Each structure stands twice: as C-alpha cells, then as structure tokens.
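Order of writing sets the labels: A, B, C and D. Residues in every chain begin at 1.
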C-alpha cells in the first residue's frame, strides 16, 4: 500500500485532490470491469463534494450505483460481491456514518479472509471522509481512522496530496484486502504536488496525516525564520505503518511531534507516539508530543470549532517548546 | 467514576464477579424505579452467562426486558428513554456486537449533552463483554474498548475484581453520562478481593485492565522469586483516566509495561503508554512496553487462540527484559 | 377547530416560511456558517402534526428541522442565534442547524443522522408509558429514512410494546439528489403495516388533512392503543440545502413550478379560509405582517448577540 | 423427482443428523473446544433448499450452520476437523463451528452475527447478475434475524435491483431462549411483501414441501425475476447450543416430545417413501448405515488430524 513515485508517474501536470481521486477510479474502472461504485448520490450528483462527477456518464448506472440510505446494507452487499469476484468501492458520504457499517466493516470484511483460513478474499475499498472546520457540527466532522486502524484485516490510507491520493487509490483498488480510505473534505480543491522545502539539518520531526500534513508544512515554513528546521513525515497509511520512516526521522531529530485529526485520546497519535517512543527511546531529547482533535464532540459555532483542531500556530508553539525556545 | 473503598463498603464476604454485577443492579433497581434493563435474553434466561439471573423474578418483565435481536434499536430506545428521565441499562451480549450500535453509542448517546449545550442528558449504561480464550472465534472474542474510549462524551469502565465491579456498576448507574462497562467473560466466576502482595520496593510497574489484572498479578507472583518486584496498577476506567496514578508508579519504578486485551495496534495500550511516556519521560529507564492482543482476528483453534493473548509467562519474559534480566 | 386555531396554524406556517427565507438570505450573503436544509414547501406537515400535540409531548427531528422546532413552539430569536453559532442559541451555539433541541417544549433534537432519532422517539414514548403519563412522542423523518435498518428494529418494538409513538414520514420525493422511487421498493405503507402498525397516507400540503390524520394517531396513542405511521406526501420547494442551487440534473424547473403554483400549503389554507369565510384576505395579511416583524426582530437579536466565550469549548462534554 | 433424488435427500438429512449427534457427544465428553449450535430437527430446510441448487450457486449460513454446509456438499471429515480446530479443517481451524466456509461449493460461510450475512448473500447475487450468469444465492437465517435492521436494508435493494437472492427464514420458534412471538410483531410474511418480494410459507419438516417451494423461488430467480422469501416453519429438537441442557424455563418437555414424535423430518420422509413404495424400510436403513459409517470415519480422521502449526496464527490476516 505505497505509491512509489518512480514506478507509477511521469507527471508534471497540476490537478486537484478531487480530480486525482476521480482519475484513479476512472482509470481502474476502465482497466477492470469488476470495479464498481455504490453509495448515496454517487451517480448524477457525483457525491455532495462532486468528486465522482462524470463517472456515471462514462460507466453507466450499473457501475456507478445510487443506493438507498443504507450504509450497513451497501457495505454488506459489497462484501458479498467482493467475495464473489468483484472489486466494489463503497462510498460512505461522511466518516461519521461508518458507525452504521462497523459490523460489516470490522466483523465481516476484515475477518473473512482469516476466518476462512485464507480461502475467501474481500477486495473492496470503503471510501469516506474525515475532518472538521466546515461548521458541520458533531455528527459530520469526525475523524474516526483510529477505529478501523485498530482492527486486524483492514488496511487504512489517509492521502494528504493529489499525488498520493491517486497512487493510493489505484493501489487500494488492486489490493486483495478491504481498504478504508479517508479523504479530508477540505482537501478536494488542493492543487499540485507536495512542496519540497530546501535542505537543512532538521531539528524537529512532525509526523502528520491527511490534511494535517498541510498544517505541518505551513508550520514548518513559519518555523524556518525562527531557526527551527522541521522535517515533515507523512506515513500515508496507518495500516500498514512504515514505522521505520518514523523512527529514522525521530532518531535524526531527537524531537518529535505527532499530528492526526482524530480525537487525541485513544487515537492514532497514541499509536504513532508509542511506536516512536519505543523505536527511538535512546535518541529522544523530549517526550513525543501528540496533537489531535480536542476531546470534545465537534461544536457548531465557528469560534468554538476552530479551537478544536490543530493549527499551524499551535504546531509552531509546540515545536518551540520541544526545542526549548519559548 | 471511582469506587472509593472507604465510603462504600464494610465487606468481608467473598462473592463472585457475576454476583457483584447482579447485586449492584438489584440494589440500584430497588433504590431507583427509573432504572431498567433491556437486552436479548436478559429476563428468564438471565443472559447466556446467567449474570442477571433472578432479576426478572424480583423486578418483573417491565423492568427486565427481553428484546428482539436489535442492538441498534435497543440502544436508540435507551438513549431516548434516558433523555426522557429514565436510567436504562442496555445489555449487548458480546462486545463484538457494539459494532451494530456504534451510531447510537458514538453519534447519539455520546454527543447529545454537548450538542444541546448541556440541556439534555443521557444517563445510561451499556453493558457488554470483552475477552478471548473461550474458543468463540473472531466474532465473539473481541475487546473493543479502544473504540469507545476514543469518543468524547462516553465514560468507559473495565472492572477487574468483584469489589470494583460492584462499585463501578453502582457509580455508573448514578452517573448522568453514558457509561460503557466491559466485563471479561472469563471473570464471572472469579471470587474475592484482589490479593495484595507483601510490601517490597517495586522494580517494575505493570499497568493492566480488566482480566489482564489477574494475569499481571499471577506474573507478579512468578517474578517475586526471581528478585523482581512488580507493582500492578489497574486504572479501572479508561475514561476518565487516572493518569496521575500511572505516572506516579512509573516515576517510582522507572520501568513500565502496559497490558490490555484489545488489539495492540491503535489500542488502549497506545494511549496509556503515551500518557506515561510523556508524564514520566525523565524517569524512565526503558521504553514503555505494550502488551495487547495479537493483531489478528481471534482464531478458533485452541492452539492458535492461546497464542494471541498475553499470558503470565509472556509478562514475566517482558518484565525480565525490561529489568535487564534475560 | 375554531377560527383562532386556523389562524394559529396559518401563523405558524408563515413563521416557518419567513424564517427559512431569512436563513437562505443569510447563507447567500455569507453571514451564516455551515449549511442549512430548508423546510419551505413542507410547512403543513410540521404544523399540522404539532398542532395536534400538547406542549409536554415529545418530538424528534431531522437535518431539515427548523420547521419542526418552530412548530413545536420555539422562538425565532434563539433559533437564529443557534444557526449563527451565538451564545443565546438554544444549544449555546454548539449544535447549529442540524442539532437544534428545545427541551422545554419537548423537542429532543434535530438529528444529522438519517433515521438516527427513531430509537430516541420510541424511547421517549417508552418512558412516557412507564411513567403512566399519556404523553406521546412524534418521530419526524424523511422518506430517505426508510432506507435505514434501525427504523424497522424500532417499528417492531413500538408495535410489540404498544408504545405511544407516531412515525411521521415526510415524503418530499427526494433523498438529497436522488428520486425516492429509485431507492425505495414496494409499497411504503405496507412497511409499517407489516409490523402491525396502523398507517395512513395524507396530503402533506393540506394542513387540515395532516392535522386530522395526526389527531387520530395521537388520540389512539394517548388511549394506550400504540403506535401509528403517517405518510405525508409533500415537496421541498428549494434545494436539498441552501447551497443546492442548480437542480436541473435531478428535477425539472417545471416540476418545481407546478408545486409552487398549485400546491403551496400557505396558499391552500388561505384560499380555504377565505372561501369558507373564516377569515378575510386582509386578516391573513395582517397575521403575516405580525409574524414577519417578529421574525425580523428575532434575526436582529441574533445578529447582535455575542459568540460563546472560547472557554465554552470543552464544557458540557460530560454532565 | 425420481427415486435416487429422494434417497439422496434422505441420505443428506441423515448425514446431518448423525454428524450433529457426534458433535453433541464430542462436546459432552469434553473433546470439542468452544460451543456448537445443532441443526437436529431442522434438516429438511437445508436439504430441501440445497437440493434445489446447483453446485455453483451460493449460500450464506448462520451460527447454526453445520446443516447448511453439509447440505451444500461439504464432507464430514473436514468439517469435524474444523470443529476440532485441526489443520485439515475447511478453514484450517481458524474459523470453527460458527465460521465454516466451503468456497468450492459456493458456501460463503457461516456467520456468528445474527443476520450478518444478508448483505453478503445479496452481494453474491449482485455479482452473479453482473457476470450475466444465472447463479443464485440463498441466504439462510433464523427468525431471530428479523430483528436486525440490515435485513430490511438488503431486502429493499434486492427488490429494487431484482437480485437473484432467496431469503430462507428458518422459524424454529426461539431466539436463543426467548419465544419468537415475544420479539416479533405483526405478520412475518408481510415484511418481505412490503418490499415487493414474493414470499411463501412452507412446512419446514417436510423436505418435499421445502424442495418444491425452493424450486419455485430458484427458478424465478434464475429467470431474472428477482428475489424471493421462504418462511420455513421448523423446530430445533435440542438446546440453543450443546451446553443448553436445562430448557424448562423457556419451553416444555412436552412440546419437545411432540415435535420429536410427530414432526421428525427424517421420519416424515421415510414414512412417505415407504407408503408410496418408492423405497423399502430396509433400503432406508441401508442408506442410514452407509452414511453412519462415512461420518464415523470422518470423525476418526479429524480426531487423528494434526493441529495447525503455531506459526499459522498470523497468516491470512491479509491476502
């Protein structure tokens, strides 16, 4: 579940994150007739975020299927179709709604291969969203990647750039396992490849996922004039996890901060921090700092909502503290 | 959400874990007519584990209600009844089945108080199980406490002794928030109070939850003749978390190991390890070791299943490594 | 029904209409955060049902919940405040459009999960029954909610335990951008009936018809005869939410025009009131003006109100 | 139906009966890990339905799944091996009683989540339809599954998209230890019919009746006419699972005795075969003996088989 630049892309074009997702799906659907998409308002509407616009025109309503509002049912149907040889993509409109499909995701899709002693396979992708600050309040703003990352048998991808989105999507569809892909709702218009900061000896590692990578990169820019060089590491998939990359950077910089938009407690940052603390124990100058969403249901009021998620300013503060610069 | 020995109990009787749960429920139902129990086979059958036997005889079928097999529905019904002034206890037969009720638990019960600006309350308890090694395979053996611990608005209790079970249950029913209580299926016949090891300067802290406390205590006994004194710390609730107790012990012993039967990755142990690593950073002699369930769906075959959960022997090995005794 | 009651219904429908027009305007002019799902066109359902309820009866509502909230007696000022994320809002700005609750009037809250409150409504009915009161609970939901399994789990229990809950299905023909016929098989009324729940279809544009049907269902429930299901045929005049402006790909302008011209619930009631000489068109206009002024004042209040203090962000997570 | 087919049905039912008797014995004598839910008494349902299927048709099954698995063609030896957690088991010992799958014969697996496989069966039917094959999928589930919302979500889609899936509801009168009438409101057949699914009730103790009804449903589905629902009235002769021995608190000995004496599916078929002079009682007995020997040999094979190597514990987590 990695997207290796060298092997997959010639690319200089700039496209948006949303276009990258659509392109990946379109290419895979052209290549493989067993790929289909099922979800609410995925066809003519192309999803509320318009990410899938145009697909039903090319592939028809038999392969881009508007479903009833039945998250559990469509996920179950996809599991069965996958077991019978297809490669379904299930669109769960908001990440908050995976709550309704957790039995089918965690008890069925994730376990079929193991429980059957390797005989049956469930090659399917669950596509959903994460992220707050759209003023959508507590039931439309969650980042529940920790739940699925916790369940053996699932792979979990959190692309943070158009480049990775396309690569991870194509890899996920071809994967023989159930893969859950979270897309930050605010990233769809994001353009271009990840900017590469100029070379410098880094003093702090910022591990970040999904749209938090953008926040980390902005923070890194702000830290540079303060004499702090930050290395931003994006694991891209939480399962499997490239622990080596995280630990290597931690050993190099000795100061690490981990960001993910899920609730901070019992979340993804806990695992990443634990992995780093274990792998780089003798190299660390300070405890690994975690930065997740505040442990509250996402509030509606803008003045409150913005307090709940990590911002570049918060990251800069934390990085300064980590480096003993107050 | 703590059960303070001094204030609640005179006690020298020995009762089982199962009896403790039943007693707590019976006492609270006598005290408060708004408490009721709803779940599958909770009445005449008294649940498959017979934990609730006798309650329907005392309180009648209007307060101990056999429900259809509708985990989402009964949880939703309980949320509404709680909002309208009752104190429901929802029995979800196996922890694996909370997958079916996650929307009602995480999007409704957990968020109502906050979303209503504090106007509405959801005083309810969700009772369910955790734990493997009953040869029940992948869909009846999970320990999903990390999921609910991850969601703000929920409290989560994992009693490990009859003493705590009764205290935590009574506290939970009186709590004005939704509380999820996990009981290890293997602990029901467990008798008596937690044995207290003789005083010694501890060299290693073992933080453990639920039935893992028993495993930790057995390991501590085995470690003692090896010249390693272990202090077993049981947080009892993951939410709220008594971080101070964990950190204090870690600062004292400098070597810490954290156990929980949930899957190890992205699980409860990650959070506990991260909290300790941060709070006792300068005191630790070695990275915090985590011990959770192996990251596989729980296999059926006994020879395989027993490999997936922490055993006293595993704990002893890890403790020896932590203490540099190989 | 007497003249006052008819005029109250008219005023309530008018109040919803004007409130929603302001919301649309707030959004269009960039003054409202987030989104809102407007109830314009469906006013007769909420008002017809809620006029058959007592203040102490419960309702649960949906993402398209402003109408239910106002119909159950909430006032426009604190609703606007909530929609703007302001401190005096019904939920102190923490809930917003999709989570407005008004405990004092029995509104247990809008819900942003489709069919997410079906269990909650049944639970409130359960509590009412256990308390030996004769309160009832109404569960409003869109026809899209027929896709959610929990509805069937709950209907089964409501029937088994004769709970005083009334399921009000607002069939406005669309699940977001998809015609309901593409997502809904068989005969809608047969679904509740399969569980032994009495079910009735009614014209959701005719507030008198809705009110009569709701009255029958509520009376049964109060008498302890159990749940009922009301299928209200209606139409949303505007988009799925305020931002859904170009709707050509899922429905025609012509269809919208027909509903607006021929099936406007306000027009239908007013025409009838005048024809029956219960009220004159001037009297109706006067009611309209009063409501309009009150709602406008409510909006001014909300615009001027303060945001919550930042320290509010982590209060009320736990009770 | 010719004589051979009848005798095959008899042999299949007998095979299930003997298999389950062995399982009970294994458990009672402490040789089997975990639990098992026995199918004794319900054999006619699985056999009647599966005899109407082709080897390449799909089934999904339940926690009470041994009968479905055998009826679809699995052999006793590898099934016993699975129940004992041995390496040659159908799932290499990783699934056990509640998760037996037999991919080669289209058995997509038993499922320990009540109604957990309704979506899976519909999905397999969806795949069959998309592949333009005429394969069908059968979803077995107990009447307790009627409590789960996903069933209704799936029936709606099956009807909407005319999927070749047949829902076979095994009504054995109990959800574990609770009589189904206490948990199930209204008219059972009205539930699928509300979605436009043809539904039929049949005597689940009469394998010929089940087979005929299943034949009709399968033929319709193969012709592309969509889903069907079969309500099979049946009874489990033993406990909910092997450990459920004292059943007095939820059903009477008398009731059990009546079903065993008057409604045993094996007896019913045998009596008919003899009365119609299709087979003699000696021929039936001979079939029984052969099956008995084969199953006993299967058990010996499984008892002697090796456990999986410990290194197997973390293989097959990912494909």
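One rule holds for everything that comes next: contacts are C-beta pairs under 8 Å (C-beta built on N, C-alpha and C of every residue); 3 or more make two chains touch, one makes a residue touch a chain.
What you see is a predicted model; the values in this text were computed from it and never measured.
Common partners of chain B and chain C, by the touch rule above, are A, D. Taking each chain's centre as the mean of its C-alpha atoms, chain C lies 46 Å from chain D.
Taking each chain's centre as the average of its CA atoms, chain B and chain D sit 36 Å apart. Averaging C-alpha coordinates per chain places the centre of chain A 41 Å away from that of chain D.
Multi-chain contact residues, meaning those touching two or more other chains, occur in chain C at positions 89, 91-95, 99, 111, 113, 116, 146-150, 153, 156-157, 160, 182-184, 317. Shared contact sites, meaning residues of chain A that touch two or more other chains, fall at 67-68, 70, 72-73, 96-97, 100, 103, 107, 114-115, 137-139, 152-153, 295-297, 299-300.
Chain contacts here are complete: no pair of chains fails to touch. Per the touch definition, chain D reaches chain A in the complex via residues 58, 60, 89-95, 99, 101, 103, 108-109, 111, 113, 116-128, 130-131, 137, 149-150, 153-154, 156-157, 160, 315-319. Those residues of chain D that touch chain B in the shared complex are 33-35, 82, 85-86, 89, 91-99, 111-116, 144-149, 175-178, 182-184, 249-250, 307-308, 310, 312-314, 317. Those residues of chain A that touch chain D in the shared complex are 36, 62, 67-68, 70, 72-86, 88, 103-104, 107-108, 112-121, 123, 152-153, 155, 176-177.
Looking at the complex, you find that chain A touches chain B at residues 96-97, 99-100, 102-103, 105-107, 110-111, 114-115, 137-139, 144, 146-147, 149-153, 238-239, 241, 262-263, 265-271, 273-274, 277-278, 281, 286-290, 295-297, 299-300. Residue ranges of chain A in contact with chain C, taken from their complex: 40-41, 43-45, 48, 66-70, 72-73, 96-97, 100, 134-140, 294-297, 299-304, 307-308.
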